[in-house]
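Heads up, the next two complexes both have chain A, just with different partners, chain B and then chain C.
And now, the complex of A and B:
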């Protein structure tokens, strides 16, 4: 299910930056917030300095949750430059982002997260309404503290974009309420039963 | 002069859309709005030939704005540009009489096809 949706997101990103993107097969983990320990730093394959730029949208209606596209802040500059077709910037580790940078990441996050979550909705025949996307800089602990307590599970998709030789690691987190998690499991079970009837 | 209104809360998306339209259409006058309410006011003020409209926006959503514009001007030519890939959303929006429903990102190929369509309707 997530291979399909992440694959589509990858193809959309290729369209945006007009370069070939190789995306690894997502490694999907499911955590129970009550019992499993979660550190945002561990979502990204590369050791990060703990500062992240996170683009998020919440969804509601037939599923309730929050999807977040996470990049290490020091890597996001390259991604932004690729999006706005600026080939001249050097590697830059400053955490000084303009309104335009935030707008670019918000729009990219909106496209990627809509693709991932929307395709899951299409596959399971569930309708979703989205809130406006948001972009913020977090350190890992702040993000964890802000996560709404009514979510019970986190789906973690580790993704690595290889954009013409540039390796940009990111992750997609999907927080789900217990009801929504159970609804997804129930829907998948129903689809499986229908397939093998 | 072809009057085009782009309604999108992302300035980046506005610029991408405008640049691609200008690449394939000559003699355009492009106006912008960053939310649904501003979009409706600009529509009444400018009476554009075509509206490029995002769905997820502050104040008034793209679906609501589509309904408002269509109520105001049944002949309005609205092209939806959205990141929303849900089939049921597309069906709902199309039922309100939009000209096209296009998924973001807006790219060269999509722009070329849409602009060809616009030219053919002149």
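And now, the complex of A and C:
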């Protein structure tokens, strides 16, 4: 399901930057915040230095949650350079991000998160309303402290961008309230039942 | 409603409203100024023909999605160059306006050229500073090298030798290790200088340093003590005879310098001293090794040493 939605996002991104992008969701996990231990660093397959660039949107009303696209700061620099065709970033400002960089991540987050959250909405037959992403730099612990305590579950999607031979790994976290989580589980059960009927 | 249009008209950003057929319904003063197209000229015309840079598949797909979902989209100036003209960079926000049965799309063109200019300026300053810093670091290394290394031969100078030797002696005392100090002198160096000149003499010293560096172990220290005298410190040796391995490597590597048809044989006399047997300070060890070297040199020239 998510591979189809990120497939749409990748074709849009490919057209925009005029470079072939392949997006994959190789792994999906669902965590219960109360019982499962969660560390942001563990969402990303590669070891990071704990600094992340996170692009987040919140959705409200019928389904409540927060979706975040997460990259380690080092990886996102490479990604930004590829998007704006800046072939080489000077070592001196490799980890300094400008407003221009934030805008690139905002646009990319908008496209990818729209696809994923839109898919969740489609699954539940709900029309979800959300604003443009907010992009911020966090260290892992700070991000976790900011996440609202009324969320009960996290849907974790590992995501891989392949741009002209360069592999960039990130993650999408969808924080859900208990009711929204139950709605999704209910819907998945229905889909499963329909499949076996 | 006129009030709202008037408000949009005076905004210092480009505002365009299009309908579901992508036809322009509103075009504010800013858009007129920046494109040189009046509202009357663009009214009811497709935005794709009015602003040809938007005539792309991804723009059309995005607009269709927005009319369906009612959400917002964002085009960054860095990824979408020259949206309105070539001299100004614009971010573009797209939002759906619901008006009963009808839906419209609001396009906001926000000038971010100043950001681009300032960031580029900052980047160029940072790049300059980075280059300057790299140069300074290189110079610092050169200065350090001049302070601690012999400029002719590249081996440690007397200052660095004393600094390192003191530390190694301290370690040897603490861990009860044996340590060997070798004093080396180039035979007949004065004759080489007198006969062939100082330039050749210098080349001979460079060759000697090369021979010594090749003979020692990784953590041993080779230093130029002064003139044609060199020191080698062998920390952490197992027995008094261990230095013989190094000594034999040095004596075996007698080298011939070929200069202007002349062949100059370089030979080196070696003396040694050991901690703790011969002294418990670096100066005592040097004095002892120096005396040993002269004794050996005399024997060598007297033809007593084989």
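Please note the rule applied: the second predicted complex is superposed on the first by the 180 of 197 C-alpha atoms of A that agree within 3 Å, B and C clash if a C-alpha of one lies under 4 Å from a C-alpha of the other, contacts with A are read in each partner's own complex, and residues count from 1 in each chain.
Heads up, the rule we're going with is that a residue touches a chain if its C-beta (ideal position, glycine included) is under 8 Å from a C-beta of that chain, and two chains touch if they have at least 3 such contacts.
Model, not experiment: these values are computed from the prediction.
Upon superposition of the two complexes on chain A, a steric clash is found between chain B and chain C. When both complexes are overlaid on chain A, the residue A:12 reaches chain B and chain C alike. Touch criterion met: A:122 reaches chain B, while chain C stays clear of it.
Once chain A of one complex is fitted onto chain A of the other, the partner contacts of A:98 are limited to chain C, with no touch recorded for chain B.
In the superposed model, A:186 lies in contact with neither chain B nor chain C.
In the superposition on chain A, A:107 makes contact with both chain B and chain C.
Of the two partner chains, neither chain B nor chain C is touched by A:27.
When the two complexes are laid over each other on chain A, chain A has residues 12, 15-16, 83-84, 100, 103-104, 106-107, 110, 114, 118, 127-128, 130, 132 in contact with both chain B and chain C. Chain B meets chain A in the complex at residues 9-13, 56-58, 83-89, 104-105, 107-108.
Partner chain B is touched in their complex by these residues of chain A: 8, 12, 15-16, 18, 83-84, 100, 103-104, 106-107, 110-111, 114-115, 118-119, 121-122, 127-128, 130, 132-133. By the touch rule above, chain C contacts chain A in their complex via residues 56-58, 61-62, 65, 69-80, 91, 93, 112, 115-116, 119, 122-123, 126-127, 129-130. For chain A in complex with chain C, the residues that touch the partner chain are 12, 15-17, 83-84, 90-93, 96, 98-101, 103-104, 106-107, 110, 114, 118, 127-132.
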